[in-house]
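Two complexes come next, and they have one chain in common, chain A, joined by chain B in the first and chain C in the second.
Entry: the complex of A and B
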């Protein structure tokens, strides 16, 4: 019986081929477009989030109390090397870096601009956040008074690889000091403050320049594996300011939330319209065959078998649409992930906003599972009204009625 | 055909209702979404222009690209005399911009220090209105400095404190002076407030040896829509190949580009909604047409041409779409107009997105009749396109075959 029902449902699903194909196309196109857009937007947000973590705060950062408010080198962590060693021995800690930062003035012979000097350890940064991947131009090296410059700062000061640059700021004693540097590389971290202000120089050199001791830094950034790490560190270092990535970058959290809300609204609207489409096709498909169902009821077929047949028809059509959409969407997502969308024509604007000029998408299994649930739900809901109509019919009247 | 189409619309209520509702929703969505997108972009541009931007700026060539004292404008008075005679130029003023270190006690910060004409600048920008404490600059040639809130907090200074300045003068010599903080401002432009400081140009010129010199001349126009014409006249009047006069579109190119990118993503999202709605309208049209094959066959048999059948389908979709559009447009238009006058306020958005140049929590809509018109036209065209496939389906049947269709 069930085999017969499946056979009938399959044949009926495609008996009006043009109509069914139109519906499958609608589901496939809307679904592939929707997951393509979701993948692209998530890709943009994830890329920004990932690079912000890798280039700046990591999962957790430790500062001296008051440093984040005062931004003054006076408020620094004095036993940083010891803390680093301690952290590296902790479970759940993947990588730790020490940084020293000072704000000042970057100047060339012709231009000046605000700049921030970051003292970093290249090897540690590579391990921490694959710093080498941020390279835009030149070579990642601090040789020959070398410095690495943020992309936007390079644009502002009209710097190229090989250009000379003077950085001036106040040292620990309050004296104005200057440091002569040569641009070895231009980097793009897609972290807006870093790209627009940062001059990366060897940490030890910056410490000497500012007059701070070897083990003294302004930030300890930690890349962790466990969510509980933040609380453990807060308990362990109450004398310091321990902040998670999202506490330091609340905009990222808001961006993620807004992306989620936007994707959810888009999803809801699109699925509602898809539901209307499926409903129309299923309703007409059933009305077209109302005599057929009348006869089936008339010869004694139980209503539950008719319900099952219609249910299977809806599932077959929507599954066909879903599979086509999933294949199309997967192709689109793979393309977006591997090749991305080249928006080089707007590179200035994108770079200013912390995006790369080629935007890559991301692929998540949830795109396919949520869409699957939504389409199957929409198709099941779409047969509720037609089924009620069948339930109410009088088989004799329907059989007698003229087509 | 028109009456025939009208009767069909009333007869096939299900299809008519669905098409009407979907067209209504897509029209509303399209108009309101585009209005919100355009409104927020306009607002960002206007805020940036209003605070410290200019409709037109005149530079010595290479100043923007290379910078340096050799590319300063060297004869400001002659240029200003020429500008005074150009119709549409409301106001102009010269600015001398330099970067230097400001220090107070043990605190120092890098700052952009600008010599301005305080009186003219009060009308050209929002600087005067942005005052939070102390007083705005006066044209009295005093050593007053008007600093951003961020600069004040970095230096930990308050009104009346004295701060030292070290920088380079226009002849490349060292320049140093003591300024008294007269006032503190906050424009909302995060980076600007954290880095800018202003001094009366009259005083600054004596320190920087920049009399009759300027980094650029800023020009305010009567009507921003006339900016290209006025700029053309300025270029003609200046008649100097060493000078360049640029409108806000060039000066704020990056921001204009950023708006374009944002619009592209906005339209991609809209395209998704419109595509799905287009398909559903087409499916309903197709279902309707396929149930009327016999009717079309008979009509063809009694002598109606294919063109007339197309007209019939066209009238049906046109009437339904027009009706939905006529009802949706005033409602959507009203929403756009209302929110253009009374912007939506999202508390904290400016603070959150300060890195992106957002200075206000307000999210105004744009009310532009031309934009609304093309939005409506797109919906109408899409609806009309939705009958192409159903018509081709009908077209594939011969008259006799169609009249026998079951």
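Entry: the complex of A and C
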């Protein structure tokens, strides 16, 4: 019996081929577009998160207590090299970098601006966060008093590769010292504070300049499995301030939540359109065959079998739409992941908000599973009204109507 | 055996246009009958056929199929009764358009849960009697009216119901096809022992049946 019902449902689903193909196309196109938009939204958010982690905080950062409030070099980690060694031996830790930071004044002969001097190890930063990928102009090198400047700071101070600048700040003893630097490269991390304030210089040079010892730093950044690692580090280093990425950058959590809301709204709108599409086609298809269903009831076919047949018809059509949409969506996502969308025309606005001008999509299995659930749910809901119509059929009315 | 006791049916009851469609019908139809409800248009023959077939309700009176009263059954039980005890032949054939002739003939048997082998055997047997054995793989839309009506007859007969109700089965057929159909139905009635009740004003049917039940203005005459 069920084999026959499946056969009837299958044949009925495709008996009005153009109508069915139109619906399948509508589902497929809506779904692939929605998946593409989800991939882009997530891609934008992930890209921002990823660059912030790579350029600044890592998954977890360790600071001296009070440093994050006072921002003073006297609140520093004094045995950083030992801790680094210790961390590198821990399970789940992928990379560790040491950084020294001091806020001060960056100045040229004509311009000056607030700036932050970051002492970093280029090799370690490359391993930690592929620092070289942030290069916008010039060459990543600290040779010849070289410094790497954030893009926005370079604009503010009107600096180019080869330009000279002075950075002044107070050292560990409270004396105001200056450091003469030459711009070797301009970098863009799309991490807004870094791009607008950062001057990257060799860590050892910064340590000497500030008068702190070789093993003394202001930040230890760690790449690793955040959740499991964070608690063990907090237990292990109670004398320090151990913070996760999202604790350090609550805006990123907000950004993720906002992207989730955008995705949900898009998802809801697209699924509503799909629902109305399936409902319309199923309703018309059933109205077209109302006499057929009446006769079936008349000759003794129970309503439950008719209900099953219509359910199967809706599933066949929506599944065909889903499969086509999943294939199209996957192709679109792969394209967006590999090539991205070039929004260079809006690069100023995007970069101001910390986005890249070429946006790459991400691919998640959840795009396909949630859409599958939603389309199947939409197709089931779409037959509720037509089924009620059939339930109300009195076979005798149909039989009389044909005479 | 079908027994009707004081059956009354009204259309538009309580309205000014009320019609008394069936008036105090008392009737017994024995097993194996080959009978016709005959009368002018609007005399109530189709209404009576539908009431016997548990397709339509009545306002008063009782209809018994063997010892079982069918007028008091609920919708589900009436559907089961139509499935298991009755066969229907309609003027417009009403075959399932997406199923082949073979599947249409076996449709009721499939609903009743017969095995594929049993269905196949019965379909071939009936197709041979009704001379549609060459059409088993065809879809209904590719058949002539006469062929479609023979498929509808085969579908109605296949599960060996107690009674077949045929409402104007020859109305869409030419005289040659009508005669052929009636000969075949008579043969089935004799071979299978199934009661067949017609509602029609076709003279050919009147000449073919063994009993004519005449009606006028909703009453038996």
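Observations
The rule we apply is simple: the second predicted complex is superposed on the first by the 394 of 403 C-alpha atoms of A that agree within 3 Å, B and C clash if a C-alpha of one lies under 4 Å from a C-alpha of the other, contacts with A are read in each partner's own complex, and residues count from 1 in each chain.
One rule holds in what follows: a contact is a pair of C-beta atoms (placed from the backbone, for glycine too) under 8 Å apart; a residue touches a chain by one contact, two chains touch by 3 or more.
None of these values were measured; they are calculated from a predicted model.
After overlaying the two complexes on the shared chain, residue contacts for A:110 are found with chain B alone; chain C is out of touch.
In the superposition on chain A, contact of A:326 is made with neither chain B nor chain C.
A simple residue count on chain A separates chain B from chain C, and the partner touching more is B.
Once the two complexes are overlaid on the shared chain, A:170 sits against chain B while remaining clear of chain C. Residue contacts after overlaying the shared chain place A:83 against neither chain B nor chain C. When the shared chain is aligned, chain B comes close enough to touch A:25, but chain C does not.
With both structures placed on the common chain, the touch criterion links A:181 to neither chain B nor chain C. Legend: residue contacts after superposition of the two complexes on their common chain; A:8 is shown touching chain C, with no touch to chain B. Note: residues 403 of chain A belong to the chain B contact set and to the chain C contact set alike, using the contact criterion stated above.
Per the touch definition, chain B reaches chain A in the complex via residues 14, 18, 22, 65-68, 98-101, 103, 105-112, 154, 166, 195, 253-258, 260-261, 264-265, 268-269, 271-273, 275-277, 279-280, 282-284, 286-287, 290-291, 352-353, 355-356, 389, 393, 406.
By the touch rule above, chain C contacts chain A in their complex via residues 46, 50, 55-56, 76, 79-84, 86-88, 90-92, 94, 96-99, 103, 107-108, 110-111, 113, 155, 167-168. Chain contact summary for the complex, chain A toward chain B: residues 16, 18-19, 22-23, 25-26, 29-30, 33-34, 37, 41, 71-72, 103-107, 109-115, 158, 168-170, 174, 176, 192-193, 250-251, 254, 262, 266, 269-270, 273-274, 276-277, 280-281, 283-284, 288, 343, 346, 348-350, 352-354, 403.
Within the complex formed with chain C, the residues of chain A that make contact are 1, 4, 7-8, 11-12, 15, 291-292, 295-303, 305, 395-396, 399, 402-403.
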